[in-house]
Every structure is written in structure tokens, then in C-alpha cells.
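Multiple structures are listed underneath, in C-alpha cells.
Both complexes shown next keep subunit A, but they swap its partner, so subunit B is in the first and subunit C is in the second.
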Partner chain A sequence: MSTDQSKARVSVLERAGYRLLLDPTLGVQAMLVTICVVAAFSFPVFLTEVNLYNVVGSSIIVMLLALGMTVVLIARGIDLSVGAVMALCAAVTAEALLNGYPLTLAAPMALATGAAVGIANGLLITKLGLPDFIATLAMLGFASGILYIWTGGVPIIGYMVPEFYYVGGLTPLVGSVTVPMLIALVLALVLGGLLGWSRLGTHLFAVGSSEHSARQSGVAVHRVRILAYVISGLMAAVAGIVIAGRNTNVPADLGTGYEIQAIAAAVIGGASLGGGRGRILGAVLGALTLAVSINLINLLGVPSSYQKIVIGAILLLAVVANRLSEIVNAWARRRRLARAPVDHEADAPDLGPPTVPAESLKPTRKALR
Partner chain B sequence: MRSGSRLMRILGTTGVPIAIALVIVILVFQVLSPVFLRPSAVSNYLNNGIPILLITVGVAFVIVGGGIDLSIGTVAGLSAGMTIWAVGAGMPTPVGVLVGVATGLVFGVVNGFVITQFGINDFIVTLATLNVAGGLLIVLSENVSLRGVNAPGLASLTQGSTLGIPTSFWIAVVIFVVMQFLLMRTVFGRRLFATGVSSEAATLAGVEVRRVRFNTFVISGVLAGAAGVLLASRLGAVQAFLGMGYEFTAIAGAVLGGVSLAGGRGSVWAAVVGGLMLATLQQGLRLNGVDPVYFSIVTGLAIVTGVVFDRQAQRLVLRRNVGGGPAQAVGAHPVAPEASHARETGVKS
Partner chain C sequence: MAVPDAPDAMLVVEGVTKRYQGVTALLDVDLSVRPSEIHALLGGNGAGKSTLINVLAGVTAPDEGTITLDGERLEIRKPSDALAHGITTVHQELSLVPALTTLDNIFLGREMRSGPPGLKVKLDRKTMTKRVESLAAEFGLSRIDLQLPVGEFGALKKRVVEIVKALAFEPRLLILDEPTSGLEDDERHRLFEYMRALRDRDVSLIWVTHHLDELFGLADTATVFRDGQTVGSVPVSDTSTDDLVQRMFGIAASELSGTREDAAPERVTEPGAEVLRLSDVSQGTVLREVSLSVHRGEILGIAGLAGAGRTELARAIMGVDKISSGSVHLHGKRVQVRHSSGMYRRGLAMVPEDRKHLGILGDLSIAENISISNLRRVSRFGFVVNKGSEAARAEEYRKSMSIRTPDVHAKIRNLSGGNQQKVIVARCLNTDPSVLIFDEPTQGIDVSAKVEVHNLIRDFVAAGGAAIVIASEVAELIELSHRVLVMKKGRLVGEITGIPEALADNRYDEVEHRIVSLAAGRSVA
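This part shows the complex of A and B:
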């Protein structure tokens, strides 16, 4: 999306150069390929079909969450509750199956739960004016608290029905392709279409880029932001259904730590915390990059206790890289502007955000609330 | 509204409403269970609560500057682990204390540096360092034994008493007084309020906003380190997940006390009262046999209540200042208030 503005009045060659610098997904692809090449050369096991399918399979949960997170990030929000909501929805599915409901009813129940939490998040943020991450942090505590009280801290077990093994990906569908992979693919396509070609998608980017301008242009800002959280809640619910099938039991702390992985995947994929930037393809690749990195760490024989540190470090690197790409972005635009002074006026509306010093971005956001 | 304006003004002062609420809650719990105010029970619950109160004060500085620090909980846990490890390795108590505080300092510096120098969103950076610190504690606890350490010097920080009152209580009071002075009576404090109200206006008024914000993260880190030392002293052993979720309680306490998440408003004593409120609720619920799980729900509700109350109070202030009203809370109005107003707000709150 950010490259839209650079399309005008730049030679093809220059545009290719800028794209390389500016397009976040290209960076991720490069990173992913590098990690894969390193892994393939160091460990022959890496390239075996079993291992590759394992890696993809293990990335699905984070990928589903990252898809929803990307939508929220584009609208300049953040959803810290996804892990807890996923666990809650997993418990809803499991309990429904335990009580004899068919999967065709259990799944909608979980989806409804996710959507309800999304609406609650959205209302807290838009109507009560809570900061996004505080509202969703409170929702994290609330959802996991409910789950603890509901289950008494005892994992839910014994709910597996035959068709649920397919949903969890434990029984592959065709060859090594599992149902979760197909679900993730379809949802990624749907969300990609939504962001790229629907009115809601355009509105999401508009709200994320400048809430003030969006409101002035007649966008129903509150509704758009609530919908972003509903999408995130729904994705968490889908992830919950899948993980309930994959895990075959639902402990109360099932979702702990997933929110940071989802955010990391989305940010690696080029979503910006400043809003208005983000790509579905980026989120998919980001989740894969995380999964491949973890796989590589396991292959290296690093104890799994280091995993947390590594994920934290990857997230930190990703935001720094993201920020540097924004700085390059702003620098490139300024340079273009200096070279073609005639275009000043025509270009003027596009130039706003990056020329503003970083420190002043915050109060602007505050003022817009 | 107009007839009760004087009362409203007192009630609108940051920290006063929550202090009144705290007294009421204490009375209710005392009626429900008469052991509540027994000296041993009080000193016990203060001892339990003080580490989180220290974190609350630290994060209050960051929040007043318009930022957030999520890493404090696990940083406190890691500092506790480092302290126990140092003392267990045979170092004298003061060195152990230094190691703990230094751990917090390092994380504060890293947070502040990355956030202010790269201009990256503070909460994502501290979310990352939350994981790094938590992960480091897990690794530490797997590689060295963090229990069964015999350290009477360290233990005396919380278990000993001076003038009949637990030593940790004195430590906390000294820290709170110093911090309140720093926030309300120093140039740094003034600049911090100015930054929190509008960093743009503060920059125009000559405040080095980056340095001020950097300092808040250092303060928050150091106080998390101090909290870790007291945790180590009280527990005598550290398990791998110590400190997880403390940031949630600390932020809730600060917000409940009236520290505005929008930045620019709050005080140390208000944050302490807010934190005490949560500690009291936790203790009271425990004494009345309520499952501790409910506490996380109470904390969540506390944040929502605090923010809603803050907005109402702000609206009240706005209505009172019609005419010379500040643009600060009007929203959709990027004009910055004058720096003089920032100073005024700082003194008032």
C-alpha cells in the first residue's frame, strides 16, 4: 500500500530500486530464503518432506492469529487478547463436543465467542476510549480468568471425535496436506481480497493512516475499528478450533505467549505499529519465518527454554528493521521531491507523515482520538 | 454541578477519589473479617505488596511521560533471580543488591535506547524485552539453583524490622518520598509533565524530549530491579515464572490511582494509593476465601474503571476552564497547548 504513492512520475528502473527498499515482504522473502538455505546446508534433515510439512503445520496457528493481527495493525490498533481468546474458543469447542454437539454446531459456537470478544474489544476502545493495548490486555486477563474459573485449571480432555482429527491436522487430507493448511490458505485469500478490493479494506487503511482524515472523508471510523477487532476475534476462534483438534486437550494456559508470536509474525511481514501498513502475504511469510527459525533452533540442539528469548529478539529486530525501512522510505521521498521541485504542489498531499519527526507522531495520534 | 464545584475540585484532584475508596474498602473488609487489620496481617500484606508498589511507581513515571513499559514484571523476576544467584555464589549482600538493581538498570537503558533513538513504539519494544527477560530467567533457573540459598543479610531486608516496622516498609517509603520529590519538585519532573502533555509543545519549549523519555525508562528499570531485590529477600527462592503478569497489576494500580494513560497527569502518591487499593482487594478477597483467579478479573475491571473515571475528570476540568480552556483534550485538534499550561497541570495534579 505504501508504494501506491511512489507510482507517479518515477522511472521504471528507479521504481524497481525503491520497491526493493520499500516493500517489506521482499525483505521477509529474502530472510526466509536465507534461513532456509542455511538450514538446508547445515542439516540434511531440514529438506525432507516430513520436516517441511511439520514446519508448515506448526506455523498454521500463529499464521491464523497473525492474519487477524495484521488487519488490526493496519487500522492502527493492536490486539493482545488473541492468545487468551484462542484458548477460550478452543475450550468452547471442546466442551461443546464433550456435550455431544456435532462439530458443525461446535465450530459456530467458538466463532460466535471470538466475534463477541472482538465486539467487546472494539466497544471498549471506540466508545470508552481505552487505549487499544490496555483494553485488549484487560481482555487477555479477563478471558484467561474466565477460562481458569470455568475449567478449574484442569485440562479438558476426551472430546476428540473422528472428524476432529482432520480439523486439527492430525490426520492429513491428501498426501501430507492437512485441513488447517487449507483453512489458512482460504482465509489468507479471503482477507487479502478484503483488504485489496473491498470498501472495508480501503477504509481500514484510511483509518490506520489518519483517523482524522478518514473521519473527514465520511468513513464510519468507529465501525471500521470495531470490525477490525471482530475479524481478529474470528481468526482467534478459528485458531482455537484448530488447536483444540491439534492438541487433543485444552489446558487453561493454552494461549499463553501466542500474542507476541502473532505480533512478531505480522511485524516481520511489514505491518507497522503506526498503522496504515501491512500485507496478508507478509503475515503468512512472517509466520513461516518464525516457524523455520524455531525449527532451525531445534535442529541446532538449543534447549527449548531459549525459544522465548529468541522470539523476543526476533520481534525486536523486526521492529528495528521495519523502522529503518520507514526512514529509508521518508528519505527516498524527500530526495524525489528535491529533484523535481516543479511537482511540489501535485505531490504535496502525499508527503505528510514521513517528514514529521518521529517524536511528534505520538501526540498527533493522541490529538486525533 | 456549579453549587458543588468546590467539592468537585477536591474530588477531581488526582488520587483523592481512590484514597477515599481505599478507606471504604478497608472498612468493608474489616467488617467482613476482623483479622484484616491485625498488625501481623497488615505487615504481611504490605510486605507482599511492596515489590509491586515499587514497579507501579516506576511505570507511573513512564506513563506520565506518555509512554508505557510492559517489561517491568519479568525484569523484576529476573532481577530477583540474579540477586539470589549472586548471593548464592557467595557474594556479600550489598553486591547481591547491586547485581539485582543493575539488572533492572540494563533493561531500562536498553528499552530507553531502542525506543528513543530509533523512534519505535514503546510498547512493542517492551513487549519484546518482557519476553527476553522472562526467557533469561527460565534459562537462569535451569542452569543454577535459585532456591535454598542461606542469606540472612538479604532476608533481613524484608523479614527484619527497624523501630518495630518491617525494614522493607522504610525502604519503600524513602523511595516513594524521593520519587515524589523528583516528579513534583525538580526540573526533570516539570519537563516530564510537559513531555507527557504534548511532546511537540515540550520540544518547542526547549525540552529534550528524547532524553526525558529515556530517563523514565531507566527509572522504571531501576525500580523494577529494586522490586526484584525485595522479592528475592522475601521469597528466598525464585522460580522460573516469577514476575509474569506483575506489569498488568502495576499498570492497573497506576491507572486506578489516576495516572492518565494519555500522559501528562499523575503523581507518585496517587500511584501508590492505586497500587495499595489492588493489594488490599487481593488480600481481602483471599481472606474471604475467594479464588485468587478472580483477582485478574478484578485487575482488568480496575483498569477500565480508572480510565473511564480519568475521562470524566478530564471532561470536568475542561468544562471548568471554559474560556481559557486547553486544547489538550479536545481531540481532533492537533494544536498544542502552551508549555505554561503544561507546567500548571503538573503542579495541580
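This part shows the complex of A and C:
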């Protein structure tokens, strides 16, 4: 038997299988391509440069939030406050600009606000031991409440300074490329690097996959979880700065519904609510999928009130697809392990004399699980 | 026998006490470990070994007591404190993260990083691989294994990763909690070699084991615990297995090992009516055309190597996994196996293999754990749970099965493994089963609890039940069973009948030989 060869092939396959498992972005890619193809054939206008840039541009806000959400989901958390925090940070930026501060000061103020909310979320969850869901839900109420009181329910307007048109993407930088696109690209690369090649990234996966094991290995679990929420808060702040520029006004209900879209994009991209799974590329593609779908129904002339149903349907589809890939993978793993003893025997046909000592049976507990 | 005063001791534990909600796990425990020695911790289940280890590893904080390492008083509040002082622990329950690769798991919390000075943020997986590669290879982990997520591995390989993880960082004090459970002979001996090599390099080892025969020639000192207290320390060269057993349980070893001779003759009974019959049951590729029957008053043993399909057979009978073909007959009537709850209703019950994950409901009380499978019995009008009668029933089981706990309202997670197992058996008995399936009933529990569990199985059968016992230890199967079926690659490959009679004729070795040969795939000459 060509043991070595078949072993090597199995391991390459195993790795490919693992990539598919932890990297369900393949499913999203398929979905995205399908929707694009359908749209392209049905509406020639879909493939025009203007429309494509429009779609990408419209996906940026959700994309930024989904990037932060992915980090939190990997650490087995969930951040329901991102929409409200985004709106609050948009208001901070707008008010700062209104009060004559330059953008270079207004933006850091917004980022500080986002980071502070992240720290608050993290502390509530780790130190007080509140469930992630509850703590961030409370923060959602808190942040949007502050915004209502602050603005009195009247949208903030008249804060646009010339350079802010760039930040909002209303004035493109080169050709149709806008600043928000570049911001999203850079931040996606940074977070991708963080997750794949940094200590914090490893620790995020560790905490999300098995908090107990992570703690026993000396991972500062609380710090890691707090940092996850800080990253999410910062991403919400960036999204807030961008949306303030894009919208040219900040109504108090600006962030409503964004948390659902962010979670949807992250989950479509393969993040699991059970923690330990999630990909940055997935979040990016997830946000694009949502944007393309919405674009398609707009082109179809479906009233925009149906958008929510479409988002819900796509989310369900993605979760079902993820679940299917898990089932298929578990099945494949069982098959592989079931084959293992057979292979083992073929590798070592000489088991020695028939009188195998009883001890040799004892330690061979189930490899099969 | 007091703990000897060791002025040269490296680790000194003094007066450590730990209580969990009414259960005293450790009481005024002392321990002193000399530099470069292998120090064995012995004791039955619930003796306090695991708790002491958790204290040293920073998993649990002691209520009282001090820990001194190299003359320096340590405050170990969390696992990273212990690691920072060079105290590394291989826990009995694995501390691996399934989503991370083997390499990332080994270096978890101690990652190596590269990058420009002051900006060392990038994980240096190349250097990490280089550093651990040869060590990993010695334990059979290839380079590719290092890049695979640990969640893909079986239990055995995970244990190996855990050990490599502990050895990779040159610990000052290495704590091994039952490190050999689940290891093959080869790996076990390689681990022992490593333990010796570490000792030669001035590392001290604390080693918890239930296998007393492993001690000799390896451990230097043994400290025995009983009921959360230190019984004493002895040099291993000055002692014997019998002596240690006596210290561990406070009774003579012969009383524990006497079961085989005592029990065998009286078990020679005629089997009763057929209770359960399987005809040509198959399930995918893991079970192939299995036919068997079990009778009242009979203990049927199932032997086989890992992966032979023993657990799968139990799960198929219980309806946990669907069978793809074949039929199951209970009391002569064919039944459709769909759900495990249906099989429980029909009088089957199973004590599952993985107690921690499949058996106990850790946060519920002992009483609740017993009644959970048959709540109707302790309920008024069929649905209002009567806490009083639940507790009373649990109290009966506590007495009849000598479950060691001050109170049936205590959480089951605070019990020792052996006592947890008794609770699980009580839960099954509480459903009045006609067939009871035991999958590895004595895995990870000590000698005395093992004897008690064996007796529970025998009592159940003597009262007219039928039992199926799955065990990896052939000796255990032979001791218990009237009849043993041997499985291999999902098939039944042999049957050995009349075991009690054979034992009465002193033909133990012959029976063992036949079972082992069948399981390993050799024809019996």
C-alpha cells in the first residue's frame, strides 16, 4: 500500500476540508456571484461602473460594523449596541464640527467615544458577569437615549465642511474610488492581520472556542473580551464618522436596524454565534452580498420596505448553509475516523504473536468520537 | 507517619484547606516536593488529589494555607500566575482549544513574536514550529498535525498534544494528572522516559495516577491522600502496592481484590428468558449485521479494540443513532428504535461512556440528577415535581449504594468521579429498566469505587435485570460477564460463553487469550 502517498493526500484534503469548514466564505462567494449573475442578466444597468461603485459604497457602513462584529462573535460575544454607538459617534463628530473643531480633532473624539463604550460593554460583561446580549442591549438603549436627549429629536445639520465630503464618500477621491472604500479596505487588512498573525487574534479564537482552556493556558480572558468590544466600539465610531459625512445630517434614529445588518453580514461571512469561528474576508463579502441583494430589489422596483424581509431571508439562508457545512463536515470526520483503524491495520500487518497482552487493549480507548 | 521535614524541599504546601458548599475537598493538607524528584500523589476518588492540583495550577483558590516555591511564598490566583512561576499542569480534562491549530495550542498564552524592535506583534509561527517540531515528532505529531485544528483529533491525540504543550516550556515543576489515561503503551513509555529526562534536568514532577504498578522504578516519593487529608509520604523504593492500597483505603488490599474468587461461583446460574434481541443490525459502516440476544439474569460483555463499534452498538440499541437496517426485539416483540426517550420508556437504560459530558448535569443536585430520567415517579398529578419525595428517593439510593455525600441536595459536580458514576447508575435504576447498558462503567474511577460499581451491576442482574457491559479492560469484562461477545470493525467476530464456569475451573488465562486474539483479529489455534 502506498501509505505515504495516500496519507499525504488525505492530509492535504483534510486541510482543504478544514479551510472550507473554518472558511465558509466559499459559500458566500457562491451566493454573491449567483446574485450578481442574476442581476447582470436581468438588468444591464447593474454592471455599469456607476451602479457597481454605488453598491460598494452603500455596503461600507454595514461592512465596517460587520468587521467589528466578527471580532466580537469570534470571542463568543455579540454586540447589539453597534448601531446606536455609530449614531452617537456620528453626532459627536457633527457637533464637534459645528463647534468649529477641525476634522482632525472631531474624528478622534468620535473614536474615543466608541472606545469608551466598548470598554464599558467589556467591563459590564467581564467584571459584572452580565450576559453579552443583555449588557450590549442595555448599552443600545443608553446610547440612543443620550442621543435623543442631546438632539431633542431634531437632526443635526449644517456641519459639513469641504474635506468631510471626502470622508463621507460624496466626493470621490480618484475616479469613483472613495475614501470610505479605502478606510474599509485598510481596516479589513489590519483586522485580518490581527486575527491571523497576532497574539490577540489567537487569543480571541481561544476565548471563543473554549474559555476554560484559554484560561488554563494563561490567556487573560477578561482583557481579551474587553478588547474585542473595544475593537467593535472603534469600528462603530469609524462607521459613525463616515455616515455623518455621507448623510449630511444626523437624525437621532440614524443607527436603528444596523446591528441586525452587521450581525447578518458577519454570520453570512461564516462567523458563528457559538464563538471560535469567523473570517474578515467573510464579513466583507457578507456586507457586499447584502448590498447587492438590496440593489437587486431596488432594480426590480420592489418597495424598499421589503428590504428587511430580504435581509432576514438571506440571513436564514446563510445560517442554514453554515449548519449544513457543519453537518457534512462532522459526517466526513466520522467517516475518516471510522476508516482509521482499518488503515492502521494495513500499515502494520504484523501485530506480533496471537497472544497480545491484555494491557494493549486497555489503553486503546475510543479514537472514535 | 508525618510528612517528613525536608529542609531542601523545592515546593512546600502547608495547611491547605478547600471547601465547596458543604463538601470539604481538602483539610489541612501538607505536601513537600524535593528538587528533581518524581513525586506521586495517590488516593482514591474524592481523596483530594485533583483539588490540590487545581490549587497549585491556579484553577481554584484555597480557603487557607500557604504554598512556597524555592523559599518564596507564592500567591497563585490564576493559571497564568502558576505558569509564570514555572508550574505547568497537564490536567486530566484537556485544556485545548478546538478551534486553534496544534501549534497555536501549544504556544497559547506564550506565543513567540517577530517584527522590528518595539513592534514585535507578528506571530512567528516559523520559529515556533522549529522550536517544537522535534519534540512533537517524538510523540508522533507531524508537521502537518501542527497545522491542523485540534478539534479534528480524537481523544488520544489530544492527550498527546496536551503533553507536548506542557513539555515545550521547560517547566520548573510539572504536574501530571493521570497523564497516561488513553495513551498507547508506546506513548506511555515515551512519556515515562521524558519524565525521567526532566528529572535529570532538575525539574520536579508531581504525578497523579491510579495505576500503582506504574510507580515502581519511576517515582521517588509517594504521598497518599484519603478523604481530603494527607495520610503520609513514603519513598517508593521502601513500599509495595499492597502497602499503598492499604494506606489509600485504610483497609487491606486483599479485601479489594477478593471479588473475583468470591463472586465467580455464585454467578453460575441458568440464564432466564430472552429480553433483548438484535437481528442483523447495521448502521452505515460502523455496525455490520450484528445479531445478539440478552437474557434475564445475564451480564453480557462486549469486547473489542478502539473503533470496533462497541459504543456505536450501545448507541444504536438505545436509539441515539439511527440504525440503517435490521431489527430490534424487546421481550419478543419487534420495536422501532427512533428516539432514546422511547427506549427508556420501554425499559432500556444506558450509563454512557463520557460521564463528564454525557452523563451528569453538573449544576443540578444529586437528587435531581437521579430523578431526571423518571420525573413522573416523584411528581404529583404527573407533572408537579414533589421535591420531598424526590429527596427521599435519592436518600434511599444514597444509603443503598453508599454514595458519599453529606447531602443529596449538593451539586453533583462537587462529588468525586466514582460517586458521580454511582449517581448515574442510580438514575438508570430509577427508571426500573429491564436492560441496562454500561459503557466503560469504571473509566477513571478508583479501585474501591470500581468494586462497588461492579457489585451494583451484579445486584441488578441478580434481581432479574439484564446487563450489557462494554469495557476496554479485558480483565474487567471477564470478572463481570457470563458471556462475552467480541467485536471487530463493526462486526461480531466471536463469542465466549460459560465464563463463570471457566473461572471456577481456573481457566482465566485461556478466556483472556481467546478474547484478545479475537479482538486483535487472529484465529484461535
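The rule we apply is simple: the second predicted complex is superposed on the first by the 319 of 369 C-alpha atoms of A that agree within 3 Å, B and C clash if a C-alpha of one lies under 4 Å from a C-alpha of the other, contacts with A are read in each partner's own complex, and residues count from 1 in each chain.
Methods note: a contact is a pair of C-beta atoms (placed from the backbone, for glycine too) under 8 Å apart; a residue touches a chain by one contact, two chains touch by 3 or more.
Predicted model only: the values in this text are computed from it and were never measured.
Engineer: In the overlay, answer first, second, both or neither for which of subunit B and subunit C A:Thr202 touches.
Structural biologist: Touch partner of A:Thr202: subunit C, not subunit B.
Engineer: Under the stated touch criterion, which partner chain does A:Pro131 make contact with: subunit B (first), subunit C (second), both, or neither?
Structural biologist: A:Pro131 sits against subunit B, while subunit C stays out of touch.
Engineer: Does the superposition put A:Arg223 against subunit B (first), subunit C (second), both, or neither?
Structural biologist: In the superposition, A:Arg223 contacts neither subunit B nor subunit C.
Engineer: With both complexes superposed on chain A, which partner does A:Ser213 reach: first (subunit B), second (subunit C), both or neither?
Structural biologist: The answer is second: A:Ser213 touches subunit C but not subunit B.
Engineer: Between subunit B (first) and subunit C (second), which does A:Ile311 come into contact with in this model arrangement: first, second, both, or neither?
Structural biologist: The first partner, subunit B, only.
Engineer: Enumerate the residues of subunit A that count as touching subunit B in its complex and touching subunit C in the other.
Structural biologist: Residues 212, 215, 358-364, 366-369, which sit in both footprints.
Engineer: Where on subunit A does subunit B make contact in their complex?
Structural biologist: 78, 124, 128-131, 133-135, 137-139, 141-142, 144-146, 148-149, 153, 212, 215, 257, 260, 263, 267, 273-274, 303, 305-313, 315-316, 319-320, 323-324, 358-364, 366-369
Engineer: So in the complex, the part of subunit C that touches subunit A is made up of which residues?
Structural biologist: Touching subunit A: residues 57, 59, 78-80, 83-84, 89, 91, 94-100, 104-105, 108-111, 113, 121-123, 144, 147-149, 151-152, 154-157, 165, 180-185, 188, 284-286, 303, 305-308, 311-312, 353, 440, 443, 472-475, 489, 512-513, 516-517, 519-525 of subunit C.
Engineer: Write out the stretch or stretches of subunit A touching subunit C in their complex.
Structural biologist: Within the complex, subunit A touches subunit C at residues 11, 14-15, 18, 22, 193, 197-199, 201-203, 205-206, 208-210, 212-220, 276-277, 333, 335, 337-338, 340-342, 345, 351, 354-369.
Engineer: So in the complex, which bits of subunit B are touching subunit A?
Structural biologist: Against subunit A, subunit B makes touches at 66, 68, 114, 118-121, 123-125, 127-132, 134-136, 138-139, 142, 198-201, 203, 209-210, 248, 251, 255, 261-263, 291, 293-294, 296-297, 299-301, 303-304, 307-308, 311, 331-336.
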